[in-house]
Every structure is written in structure tokens, then in C-alpha cells.
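Chain nomenclature is as follows: A, B, C, D, E and F, assigned in order of appearance, with residue numbering initiated at 1 for each chain independently.
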């Protein structure tokens, strides 16, 4: 997804065509690369619809299951439109340091001629759109069971434009962090640091659920959560593997290390639970899987098998204790642990990539003349600047929206459940 | 999927190979194109199994959930066989104006040498098979909760042969409508007009459910419906994107406009409900999504981003009021609104493509010497002829089947639910 | 997947590149082939997570639904690690007759340069890993509702190393059976014979469930089973189609015949039930589908459409009566009929391929100088040797594990359900 | 006061409820139950075998009423739930000592309507 | 002994249960039920139409108690389940002839706690 | 007549039902309920924490019987549902004023079998 990665993994046939017919080269899409990114686009959308939606929906109470599904569905729709109209342009048009320009409004420049590397620009824009959907959708986990639907929509649209699109531009759109040489293959900073930080801020601004922490109900459906987790795992192949923007060695290795980190993250969590409680749970294993995946994401295109193993281990352990800390000790109601799992995992991976990309760990190596410590400082700066901007902007957006509409539903509605009150539906009927 | 579209989007590498080695050209499959259509085949089958099955199953009462799933599953099986044995031949063999010939019986001509464009013919035939499965499956929505299973099977097989295969031949198999220049990229006429019209006829012939319209139960599981809708969305990438029959610019743009129309259709429906009832529902949003998708389908390979937006808007609004009209006002028990959503959407898109394909709307343009109005008349003729033939044939098939077996289950069975009586199963157990 | 099949279906572009630039040829990945195997990897993982998990989970009682899901999830994780660390090496490294060597420990040899045919070795290793996950996962069906979780994990890891990896080496890794010329395109012997045989042994060693056979409860959720079955069907396109290791004619034909066998297997089962009980069930149809798929698997890359039809018919009928025999007559509590469906189906297909690969059945033909009877004897030997080794090794592994931990949960836990006792979760909540 | 318990077919619930509303019953409580009686449960199919289900789905109504209208209520349920097929169900009548409306603290018959 | 049946709002279950435990009630049985009364069911949306649901979710408590503490139990439920909104529910009190603890075969009041 | 309410363990339902059938009970009604008593609910795991569940799943049987066989029925249930572990449940016996079979309009004991 970065320009770097494209160079590293540029595939042969395009080169071949260029050598044979220089005049045609500019127009050549590679059908194999295109096939894979079309597929990856489907896979990443699948992560949100219904993957993440089910993962989260299973964790809440049954009186809020429809509202969680609706949040995901409505966000997928409204963020797609936002992306088409404005977001894509802010992220990928022009070469400002801090934000793109308005040259790509309404995706007006995309035709059946324009390319991105070896794939049609339409495919690139659609693939990126699926990232612009899932990032704000991740934040849903922080505000389930209490946030007002109108505020959910307004917040997500504003956040996409003020946080996600600029940060994407910084890192992947040729902006400031790209010039620093920040390495973020598939979104440790762009996706997970932003979503995690925003989750923490929104949890603090909204406040706790009425029954938190005394009598939080356990997940109403581990079945739904497990189905969703499985889809996230599958979809993540498209997320990380697709970020190579081609179907070659880069995508293959990214998929392999992604899979390993997921498996190990899940096992770590499972064994900790087994050790502590004597009973490993499926929700725990699924959570560990997500932790492993979030952690490997920024590094997935730069590392080898050992890197995948280490990130799975690190992500599993550290996110487990982060959940304990944030929800257990600090009693912050980031309800489905978005910061502790995605934020912490994404940040961890974004920092460790500086070392794990080294050839000593079978990685692809750093850019010339860059040391691991040097790269680490660059990564750290990237994470910090992103977290600060995200926290500030999230806070301000919420305050502004709070002037126009209630951020939370009333206590009565919260007690009765959001499903009937906000959506006129119940998740499960008797008839 | 049309011959036109193949020409427009023919990809470079095949050309390249042909230039270098003319003698080999006839035998060249493009691996990228093949990879994408293999994937698209999986995606479109996924739309029916379990996508559409869950979408519909969530909307009925829990005592009929198994029967709805069984309809989809059994149709997928029996229609696959019908397609292999006879349907594919009637649709794609020979060059009759009205129907194919028997040259492709049992797919006997398909070998590991035969091609369709740049992909193996086996892949083309399998991809088309998934369309031949989902089209009759769409009609299930008209007769849920009351049609006799034996009649469901008999009807669907006959309908595939008498309606679907010939219409496919007319439009995509080089038949009469292809010669008129009808534009139908992925099935506005072939799939949605036929299924929608048949739904209306079958709803009228079968009659209403016993409790319609006084006490229709709300969907027993918005959760299942949302899962199914998500899978339909993802799968539609293969439906429309795969109809390019190659992995290039054509597929990319088709996917992008498909996605946009889906998102906007859903939003339109959601905001209408919000405005009318104060509470936007997930079933409503999912229905609007389907409306947007059905509407964009015939146009998806010919239009640009503005076309996608317009079709999403148009499909959302018009299908919403079509539901109101058919089910609310006319009290026709097309139970899950197949005509109002698929039929009306598909027809709308089939007509509007005449304008939205213009370069003024960033479309790919019409054929040379064809005006928008001229194309519109062609499209209108295509829709009308197809609707008339579908209505007639559907009616006659039902009458004939009605001579051999009951079309409806008994009132007792309907009241107790089809699941136990027809399939010996219940959807959900306590144990 | 076999070396044979690679030769048969080798694709043109690689050849082309080799002819033009011989010096580059060694490094050429084909982007289309790679795109398809990346996709197939996702599809086969999808078969286990959540496909097979849901298929099986729907068939048990609701008090064990979490445990079944957890078995699949945990196996996917722990077997991935086992595969990466040791399994891949034992299966595919070195050229011993009976087992691979330790040269590929930790996948240390896989770099972004190494290839397998026209795809990156990382992709080949990941694709194979998904087979190494699903094969032990199939066995879960034999021991649901009573096996102790610790024993499940230990057994599966040991079995992967002692049974699956060596057998894979025999057939696909250039070992003894490859030298005999055994034909097994996608796992009739490697996957289904091994899993089926192990299921039978484990069912006998563990013993029956407390309520078997007097009062076995019917499937608690045909809905979950149908969803899982649909995912298995879709995923099997990647299983069989991906085993071509390229996106060309071979993959296309494999997908087509796979689909046909699935459809016919399901119909056969459905019509038998209809005839015997008057009511065709969705669980029955889904079971027939799996039977058809297991049966066609070993043959899928060698046969034509007629072969697919015959294997669907044969698999459907014979597996139906095998279930009757094993569970009904012999009262062996192979609880979800793993041997009767997968084992019997896989063996049947492994034997029939000797005939159906003949050109008389539109197959791809046998190797030169090999007669159908000769091939049949080779296939029979392959099946018998594999079954014997699997049975022995499975028995010994269980006995050894039984020395360290209980193989079964206590009767109390079995009666109360494994979900709470072993995993601290319930599948469905009221709140 | 009487505490009336009626076990009826789920498909008769809507009509029975409507009939009760018509005679002025403004409160009742419904539970999904499973019944065993002369009506035998249906059989289910599972992979080549039929399983008979001992219990059939029923619906239980509970209605607390003043003695004066108890007979009327019983009669109304009987008529509305009647399909003349085995399994139509039963009505049981128990004595009710006292009743209380939580919201208002009203007791006795006043609590009922 | 008395057999107390209380129909309350699901959201009051936890508090009511806690209050009962405090006064020493060590056993009770809970059922999910649907209630019809003055509180009208909410409406649901389905594709351009609103459907009104006759029944609202309620929870039924059943508690067998010694006569001596019956009033206390009723009072405790009333206070804990009270929200002062329509639909708070009812408490019904029936006579209980006898009780038996299956495990120990104890009868009468001894079976209850 | 007596109205017998038994709260038992779900795993004892099948045997209890069989035992009752053996002594000639031809009708009863079953409800899934949740019980609170000496048997404490199990704990569930959720992301690094254990939650204790106050209620355990139970099954409630309701059987209307002639006075003459009431004791026999109680005894049969007691024996069949007995596992000698905490949580085996209770049997409650109430007076039944009247019964009616909806299908035939039979009243009293005639309505029961």
C-alpha cells in the first residue's frame, strides 16, 4: 500500500510489457494483480459486513443486537458516500504535506484509463474505501448500547474527513509521514492507532453504561461473535495481503505472517485464560486473534515468519493485560475494548516493525542508511502525532455534535434496549 | 457479459500474446481474468447460499425458516443439474434468434481446450450457472410460507428452461435482443425483470397467506436478514464485476458503481423510514441496498460514478414506494416484495442506462450512431417483451403444475408452519 | 496439487516468459495464478472457520454449541503453528519415501524469492496449511459432546504430525505413493480417508455418548448447519479448484465437476429421504452435498462432466446407506458421521477415479501405459495403506494421551453440557 | 377472585386474545410452553432416521379475574381456542387469595383492571 | 404457605432479586413471559409499515413462602419493582397446600429454605 | 383436584416424563425457567473476568390431577428427578377448583385424562 512496498514487490509481467512496448506501458493493467485486489476489496468489505458487525453484536445484550448491526450497516453506506464525494480526494489527491486537495471530488478523475501501479484506479479507490469503512466501524465497540444513532452517523462522517482521510494522506498519500519514511503496511497507524485512540476518547466523553461495571452482562451470543471473528480472519487476508496492491511474493508473505500472528495471538489469550480460570473461552480466543491481527498489520509486508510469530505473541500478551488495565482497573467503559485490543495492538506492531523488518528476523530490510533505532523513532513519532491529532479532533467533533443532538440515548431507552426504541426492531422473535 | 462489453474491455495481454504468437492465440487463457471469474463464480453462488437464503429466511416467521432455507438449497442443486443438462445449451449454444439449440447438451462440448474470450469455457459455464441459480431463487420471496415444496421444484426447473434460458439467449447468447442492441450488463432484464414479473404472477395465482394483510408478523430475525444482506452486497461484486468476464478496467468500474448504488439505495430507504417513523430499521436499510443493487445491475458496466449515484437514488426512492403500492395499497401478497424491489429496480436501471451510459454522465458511451432516445426505445422493448413472455409462461407453467400437485400446502400446514410438515425439522430447538 | 496435474495444466504465460527471457524464468510468479491461490487459501480457511464449525455446531445440542465452535477455532490456531514449525517440513521438504525431512523447520527456507511452480512458495505453504487445518477438524464430528478439550488439542497436534504430514508427503510431497502413481487431486486419500478412518477409531476408543442411541437429540439448529454447509460448498471451489495451483483450464474444470457432484449428492439424499419419510430435510440435503463433495475431491482434476455426475450419484447413495449401517445398525457413535460421509465418500472417489479419468468419460486420461485396472490397484493400495497407518497411529496416539489426561469429560459434565464446564460460556443467552 | 390458567394452541393465541379484549379483559400474561397430552408430538427427520418429539408447542395464558366474570372468561377462551381437534388444550381454575398492582399499591379486584 | 406470583419489568429483575435476598428469601423461580395490560406494546417497523406488538416482555417470579413472611415478601417486591410507570406489573397471592424438597424429601415449610 | 408444580433439573426431564407416563399420567405442561436457590449459578468467562450467573436453568412441570393420585404423582416425580445433589428442585401442591377440556367441554376430573 505504501509506495515503498509497491517498489519492492513490483511484478515482472508489467516490466516485461514495458520493455516490449514502451508506448503501451502506461496503460497496462495486470489482470492478475487486478483480480487479487478486486477480491481483496470484497474481503475487506466482508470484514465489516457482516464480520465485525457480528463480532461486536454477539458481545452485547440481545436487546441491542439490532442497533449494533445497524451501526455497521449504516456506516458502511454513509462512509462510502463520504469517501466517494470527498474522502478519497482528501486522502489521495495532490501532494500537500498535511492533507490532500479537492482535485478528486466525486472521484471525477477516475476513468477506465487511470491506473494505480498495475491496477485500475477504480479498483484502488474501491479497495481504499473498504478501509475507510472499517476504521470508523471499529470505534463502534467503544459506544455500543448507549450512543444515539444520529450522533453515531454525524460523528463517523466528520471523523472520516477530519481524522481518517488526513492521516491516510500523511502515511499513504505521499504526505508528511511518508516523507519521514514511516512504515505502515496495512494500517497500524492509519487504522488501528486512530480507531483505538478515538475509542478511548469517546468512551470517556460518553461515560459508562448504566450497569457498568457492577453488572455487565456476558456476551449474549458467543456464536455470533465466533462467526464474526472467523470472517475477520478470512477478510484480513485481503486487508494485509491486498495492501501489496499486487498478487505476488509480497502479498503471499503478508498473508502468511498475518495468519501466523492471528493463530498465535488467539492461542496466547486462550492459554492465559486456561491458566487463570481453568476454562478457555471462544470469545477469549477470538479476541486474542484480533489482537494478533491488529499487531501484525503495520508490519505484515515487511517481515518474515519469525516476525509474525513474535508479533502474535506480543500482541496476545500485551493486549490481554491492556484489557485488564483499561476495563478492569481504570473502569473505563470502552465497552468492547477497542483501544486495548486494536489501539494497543496497532501501536505495538507499528513500533516493533522497526526491528522485525531487519534481515536478522528474516524481514525485507529497512530503507538504505536507516538503522533500526532511527526507524523506531520515526515510527514512534508517527504514532504519537497520530494519537494526539486523533484525540483532539475526536473530542472536538463530539463536543460540536453534542450541541446539535444528544450523544447518548435516555436512561430509559438504554435500559429497555436500543433496538426497539431507535430502530423499531427486535433481534429475535418468538413467532 | 455481453459481447459488446467484451469488446470494450478486452484486455491487453491477450492482445500481446496474439501479436507475438498468432498461432497460439486461440488457446490462450488469461490467468488473471480466469482467477477473477473463478472468484466471481464463488461470490455469486455465495449470494444464493447462504446470502439470499438468510436474507429471506430472516423475514419470515420462525416456523417457516427451514422451509425457506431448503427452497434455496434445493433450487441451487436442482437448477445446477438442469443447467448442466439442458439450460446452458438453450442459452448459449447455436445462433437462433429466440432460443439456443441442443448442441451443448450435458455440456458435452466443454473441454479443457474450449474458451470464452480469455477464460476457459468451463469457467464461463459455471459463472453463468450461478446466475441460473439465483434468478429462480429470487422468486422464492413471492411464495414463502405457503407453497408446496414439490411445486416449488417443478416450477423452478420448468421456469429455468422456458423463461430464463431463452431470455438469456435473447440478450447474452446472441439472440434477438442482442441484435437489437439491448444493453444489459449483468441482468436487469435477464435476471431482475424476469424474476420480478414471475413473482407478481405467482403471488396472484397462489393467493395470499392466511393472515395477510391483517396480521402479518414482522421478520422473525433481523439478524439473519442483515447477515444475508451483507453477503448479497459482497457477492454482487462478483455478479456485476464478474460480468466483465475479465479482471481489468471494466470490472473495476463495475464494482465501484455497484457499491455506490448499494450504499445510496440503503441510505435513501433509511432516511425515508427515519422521516416517516422516526426510527430507521436494519431490514429497511438492507431492502434499500437490494433496490440500489438491482437498479444498477443492468447499467453497471456502462456507467461512471455519477450514474451509480443516480441509480442508487432512483432505485431507493421508487422501490420504496413500489412496496407501499403493491403490498400496502393493492394488497398483493408478493410476500417479500420481489417485484417491488427486484422487478421495479431492474426495469428502472434497464431504462435509465440509455441515458446514464452517455459520456455526459461519465459513462462509456452508446454504440456509434445510437441516440439516447433510440437506445431507450430498444431498452423499453426489451423490458416489455421479456415481461410479457415471463408473465405468460409463468402463468401457464403454474397451471400445468397445478394439475399434477397442489401448489399450496393445506391451511393447517400453513398455520402450523411448513418446517415440520414439509421437512420434518424445526429451525430452533431448546435442547 | 500433484506434480502430474501441474504438468497437465501448466499455463502459457510462464512458458512465454521463459521463452523470451530464459534467465528470468526461474523467478517468475504468475500474478493470475497467484491471485487465484491467494483466494483459494482464503476459501479453504473459510471452510473451517466458520463453515465446518457451523455445520457441526448446528448438529449438536445447544449446550455443546460453544464447545464445537471452540474445537474448530482452537484447532485452526494450534495446527497452523504446528504446520509452520514442523508439519510443512515433514510433508514437503526432502525426498524421503515415507516422510519429509527437517530442512523446512519453521518455514525457514521460504523467502520472497522461492517459488512453487508459478506461485510464491509462501502462498503454496499457506494454501497447504488450510488443508492441514481442516483435515483434523473434520474428525471433530466423531467426538463432539464428550471429548475433553485438552485431549482434543493434544490429539490433533500429534495426529497432524504422525498421520497427516507423512501421508501428505507420500502422495503430494514426492513420497512413496507419488512414485506408485497414486492419483489424488485434492485429498480423497490425504484428507478424507485419513480423517474418516481416524473418526471411526476415535469413536470406538471414546465410546458412545450417554444418551446414544436411545435418545439422541435432533440437530439443535438446522439454520447453523445450512449456513455452514453453504460455506463448505463455496469453499470447496478453492479446495478443489485451488489444487490445480494455477488459474486456468484445470482449475475451471475442477470447479465445474465439483459443483455438479455437490448438487447431485444433495439431490440424491433429498430424494431418498422424501421417498422414505415423505419429508426431505435441509440437514439431509446438506449431508448429501458433503458426500458428493468428498467423493469428487480426489478425482476433480482428472475428470469431465460425466465423471462429476457419476461421483455425485455414487457418493450420495453409498454414503446414505453407510450412515444407516454405521450409526443405525452397528450403533457406533461416530456422532456426526465423519467416516460414513467423508471416509466412505473419499475412498469411493479415490477408487472410481481410475475409471472416470478415462477419455471415455471425458476425463483427462491416465498416464501413458497405465490401464484403468492397473490404476485401480494402485488406488486401492493407496487407500488401504493409508487407512491402516491412520488406524494404528490414531489408536496409539489416543492411548498415549489417555495416560496424561482424561479423553472424556465426566458424565456430569456431559449431561450438563461442555459449554459452561469446559469454556465458561453459553451459546445463547436470554439477556 | 380466580386465577385462570389456559393451555391453548399457539395458532389460536391471536383470536383468543381478541375475544378476551372484547369482553373487557384488559390484562393477561402469556408464556411459551411445551405440552404433552393425547396429541402426540410430530416426528423429525435426522439423517436417515425419524425422531419423535414428545412435546408440542403450546401457549399458556394466565388471567386473574373477579369471581363474577370468571365463568364468562372461561367460556370466551373455550370458544375462541376451539378447533375441535385433539390438542386444543385445557383451562384450569384456581382460587386467588389476593392481588396487588405494583404501580399504585391497589389491592384485590381493584388491582386487576 | 403462600405461592406468590409476581409479573414485573425485566429491567427490575436484578434489583428485585437483590432485595429479596436481603430479606432472606433463598429460593425463587423466574420465567420469561409476555404481558398484555394497560401498557401497550411498542410498534415495530417493517418495510414501510408500522406493526403494533400486543405484548410486552415481562418476567414472572414464583416464590413459595411461609405465611408469616408473605406480606413482607410482597412488600419487598412491590418496592423493588416499582418505577411508577404503567406496566410495573402485578403480584398475585395463592394458597399453597404443600411443598416438598426433592433432594431431601422434606415437606412443608422445611422444604422452602 | 390438585395442581402440581414441580421445578426440576433439565437433565431429569426425560426420565421424569417417562416415569409419569408409566403411572398413567397422560397430560402435563413443561416450561423452561431459571431458578435461584442453594445451588449457585455457574460462572462465565468474559475477556479476563469471571461473571457469576445468579440463575440456573430449570424445567417446570405443571400437572393437574385428581386428588386420589396426587400423592402418587408427587412421589413419582420425586424419585425420578432425584439425583441427591443440591438443586434437585421442589414440588408445590395447590388446590385446583375446576378444569375444562377445550375440545369437548368436559369439566372437572373428566377434563384431565
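As a working rule, contacts are C-beta pairs under 8 Å (C-beta built on N, C-alpha and C of every residue); 3 or more make two chains touch, one makes a residue touch a chain.
Everything numeric in this text was worked out from a predicted model, so none of it was measured.
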Steps in the shortest chain-to-chain touch route ending at chain D and beginning at chain A: 2
Interface copy of A-F among B-D, C-F or C-D, judged by whether over half of the contact pairs recur: C-D
B-D against C-D, pair bridged by the larger set of C-beta contacts: C-D
Whole-Å separation of chain centres (CA-atom averages), chain B against chain E: 51
Intercentroid distance (Cα basis), chain F paired with chain E, Å: 18
Approximate Å spacing (C-alpha centroids) for the pair chain A, chain E: 46
Overlap residues in chain D, where contacts from two or more other chains coincide: 31-32, 34, 44-45, 50, 94-95
Overlap residues in chain A, where contacts from two or more other chains coincide: 13, 30-33, 35-36, 39, 217-219, 247, 277, 279, 281, 283, 421, 423-426, 430
Listing of all chain pairs that touch each other, if any do: A-B, A-C, A-E, A-F, B-C, B-D, B-E, C-D, C-F, D-E, D-F, E-F
In the complex, chain F residues that touch chain A: 44-51, 53
Touch list for chain A against partner chain C, complex: 9, 11-13, 16, 30-33, 35-36, 39, 43, 61-63, 217-223, 226-227, 229-231, 233-234, 237-238, 241, 246-253, 255-256, 259-260, 262-264, 266-267, 270, 277, 279-283, 285-286, 289, 304-306, 309, 362, 364
Contact set on chain A toward chain F in their complex: 216-219, 273, 276-277, 279, 281, 283-284, 287, 320, 323-324, 327-328, 337
Contact set on chain E toward chain F in their complex: 3, 17, 26-31, 62, 64, 94-103, 105, 111-112
Chain E contact footprint on chain A (complex, rising order): 215, 415-416, 420-421, 423-426, 430
